[in-house]
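Naming follows writing order (A, B and C), and every chain is counted from residue 1.
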Amino acid sequence: MRAYRTLIASTFLILALAVPAGAAARRLIIGGSTSVLPLAQKLATAYHQANPRLAAPKVGGGQSDIGISGASKGQFDIGDSSRDPIKGVDPKGLVFTKIARDGVCVITNPANPIGNLSQETVEGIFTGRIRDWSSVPGAVLGGPIDLFDRDGASGTQDAFQHIFLGETLKISPTATAETSNGLEQNAVASDKQAIGFVSFAYTAGVNPVGYQGIPCNLRNAKSGQYGGVRNFWMVTKGVPKGEAAKFLRFVTSGNAATKRIINSSWIAIH
Amino acid sequence: MSAHATAAPPASTIARPRGSRTAAWPLIDRIAYWLCWAMGIGLCLIAASIVIFMLVRGVAYLRLSMFVSSPAPSLHQSQSGGFSDPILGTLIVTALGIAIAAPLGVAIASWLSEYARPAWLARTVESAIEMIAGVPSVVLAIFGLLVFSQGFLGFLSQNAFNGSVTGQSFVTAGIVMSILALPLVVASTREALAQLPDRLREASYALGKTRATTIRRVLLPAIRPSIASGVVLGMGRIIGDTAIITILLGATLKNEPVGGVPLLGDLRGTGSTLTSYVFNNSPAGEGNAPQKAYAAAFVLLMIVLGLNALVTRLTAGASARRPGRRSIMRRVSAWTR
Amino acid sequence: MPPAAAKARARAVRTPASKANARAVRADERVERTLGALAVAILVLIALMVVTVAIKAWPSFSYNGLHWFGPGGDVDTQLRVMREGTPIAGHGPLYFRAWPLLWGTLLTTVLAVACALVISTLAAVFLTEFAPDGVRRTLEPVIRLLAGVPSVVYGLIGILAIAPWINEHLISNSRKHSVEYVVQLNGADVMTATVILTVMILPIMVAISANALAAVPASWREGSAALGVNRWRTIWRISLRTARPAIAAATVLATARALGEAVMLAMVSGGRGFAPNPLDGVTFLFEPVRPLAATIFQESEGLTIGALGHTIYAIGAVLLVSATMLSLVGWAAKQPLKRYGIRT
């Protein structure tokens, strides 16, 4: 009997402690583009270090379209997007805040270190017209080309489409669609005959291919010589308010910490 | 060989009939004999190769610093920290799951074994426990997410700013994990209770004790090793599960507490365990850190081996009185449910 | 003493001793009711699970009807448009044709269970009949080890060791070219998934089969030996035949286990909703698939999105129904074995 009373009393005590704690427990939920993901994670850590009393924002992936629709539906407090807003497709009432710029590289496996691809070859490979490495100048191995694409919700795929293929050509439907930059990087790194495209921060362990004579690296992207550069946005429903506004102010303020983080693998704009 | 369940006499004193040597068999029987041997040895080889492969890869990449450093987001493996948070996460989820499943499982097993009235209810509960054992853990996970996303259960996890409940926290994952471990505890306890001789119960009733007191003071203490082995089996199942963790624990890199209250905040926050850490760092996840994945998988495998050895010790003590082939089979089948 | 008789006796004689008795009896009844309530809570939990998953899944089934199980377009595209919220022209947002997923699940499960059946029967025979004592004592921890390895570790070994090996040595360039207009081949395919799934379900089947074989009455085997039948024939004709119900039960349980395997298959089966075509010959074993449980696991981030959520819960409902039916059938198949004292 005494055991039951103790059990009931302690359960009530725990619940009594938990409920008021529940009222105050909110933290920023950020999600969306997997290209923005490493940058957002680093910014969230820096934000938590600058404001230790606030809980660190929770940063997730899901790709740009999910970030945009999630911000609109309230699933995320801030959505990340690596593609520009498209009128008529994106939900209304969203505010896009630009936070940085980023490069997109074509990548191949390190066993196939192609230095440069021309516009025509890139078009041929990615639309599926060229199917074997023996038809590609600069390739050191033969065999069929394993093409890796991104999922339709990807902002990087949008950027690749616009920058490298133009508006009319579409990537071959037999390409394997990966759902994040990380998975694309993994896939290309583990398959000798693979070719794909990733955000610049994900080029470790794979061979970034130059485009039209310009190597794809951070210096060329910053100087503007490399053409494959696109914007990073953080999306909020309406004008940013409260915690989200505080975080965005921190990110766009151009203070030393954020500048250092952004300049490590991306291009700062503030 | 002699087919008795008790210990057989030494082989040299058994007279074998002529023609029992396998060399005398027809070819097709000999092929079958060799195939059986091949399968048996093959099983040993598969297990050995799994352990050796994980040993070689894991030890190559395992550093002691990994046990004490937190995972950090980074694109380079050398800077991405260790797995102290995932190990802590594994411990918390296992502790929560067992804390719920063990008493519940023992209670249900006692009811099934000692009371079991009305009979149709007992049969239904028996088949319900078997059903739970067969439900895939992904389905349990999505069911758990559905339940814990309801607004009134928001105190168990955290709320997003727009008011929706995420439903992801250590508490929710622990509760669903307890459903995973429950059938193992129930089966183990029931089997042990069934093997207790009736005279124990009859002696207790003859002394005037009620059934409840008998269970509490006589029967359960007598089957403590079996309950323990059931609990350890449940722990093994909880530790090895990934689907529930990914869906109900958020699989964030570090353990992120929620709110100000120290212990409860951690329980309501999201985090990761060794299994989700291994998944995320494998080529199928985001991390692209196969070295970390190998190291963590090696630690996971060692934990599971340790738990297996624990179960062996517990059941060996219990059935030391019954050596022989049938007891080995019984033990073997008990933990492969 | 039985509660009913004690209650009657307590009513009859009101002495201090019997009052204490009555209190104890009432306490006993309270305990019985509490424990019974806990047991009923389990039933409520299962009912709740079935009902909530069914309610969440119903919109997907009601929109697609029985065509939900049929072929019709690319599953990956259908899931993607649900995630993005831009329905395919001419269809509603819930349009879904799960056949490639079902076919992939069927392929991997049936192939794995078939291989495991053969291997486990032979291994169980070895364990009970032919193994010397030392080998038998080592086989027990070996089987326990195989049963206890977490599925992520199996998946890790598959994706980092087995899949690349298959890609290097078994998938030649000409094989890749032969299907390049339809699908890309890498090592993550039906074969890798089947091999690892077989290893995962072997321990269950070996354990149950060995248990059943060990319980065959000794007198039957001795009688057979007395008639001059060699050991293998005895096993084949008598032991295995007697253990057939147990082996059937083991197969059913292993199938339920294989159906529910999500994480390992998500890592090694290729992740493309492609229905391998047996007419491709041997190449069809190297084509990627996407089993049902792996689909749920991979799409789990989209559970809160409307259409995708309904579809995932629909897939979950299919898994729930099939896996629990298999479990019940397996349990029912094990019941007659208890008559012979075969404990499984």
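One rule holds for everything that comes next: a residue touches a chain if its C-beta (ideal position, glycine included) is under 8 Å from a C-beta of that chain, and two chains touch if they have at least 3 such contacts.
Since the structure is predicted, the reported quantities are computational estimates derived from the model, not experimental observations.
Think of each touching pair as a link: the shortest run of links from chain A to chain C has 1 of them.
Between A-B and B-C, more C-beta contact pairs are found at B-C.
With each centre defined as the average position of its C-alpha atoms, the distance from chain A to chain B rounds to 37 Å. Between the CA-based centres of chain B and chain C the separation comes to 16 Å, rounded to the whole angstrom. Of all residues in chain B, those touching 2 or more other chains are 164, 283-284, listed in ascending order. Taken residue by residue, chain A touches two or more other chains at 75, 187, 190, whereas all remaining positions touch fewer. Looking at chain C, one finds that residues 304 touch two or more other chains. By the touch criterion stated above, chain B contacts chain C in their complex at residues 1, 3-4, 17, 19-20, 22, 24-25, 29, 32-33, 35-40, 42-44, 46-47, 50-51, 53-54, 104, 107-108, 110-112, 115, 117, 121-122, 124-125, 127-143, 145-147, 149, 164, 179, 182, 191, 205, 208, 210-213, 236, 239-243, 246-247, 275, 278-279, 282-284, 290, 293-294, 297, 300-301, 304-305, 307-308, 311-312, 325-326, 328-333, 335-337.
Those residues of chain B that touch chain A in the shared complex are 72-76, 154-155, 158-164, 166, 250, 252-253, 256-261, 264-265, 268, 270, 283-288.
Put simply, chain A touches chain C in their complex at residues 60, 62, 65-66, 69, 75, 89, 131-132, 142-144, 146-147, 151-153, 174-177, 187, 190-191. Residues 1, 3, 21, 24-25, 27-28, 31-32, 35-36, 38-40, 42-43, 45-46, 48-49, 52-53, 56, 119, 122-123, 125-131, 135-153, 155-157, 159-161, 199, 202-204, 206-208, 210-211, 214-215, 218, 221-222, 225, 228, 230-233, 236, 253, 256, 259-263, 266-267, 293, 296-297, 300, 303-304, 312-313, 316, 319-320, 323-324, 326-328, 330-331, 343-344 of chain C are the ones touching chain B in the complex. Interface residues of chain C, counted against chain A in their complex, comprise 76, 80-81, 83-86, 164, 167, 173, 176-177, 180-184, 186, 272, 301, 304-305.
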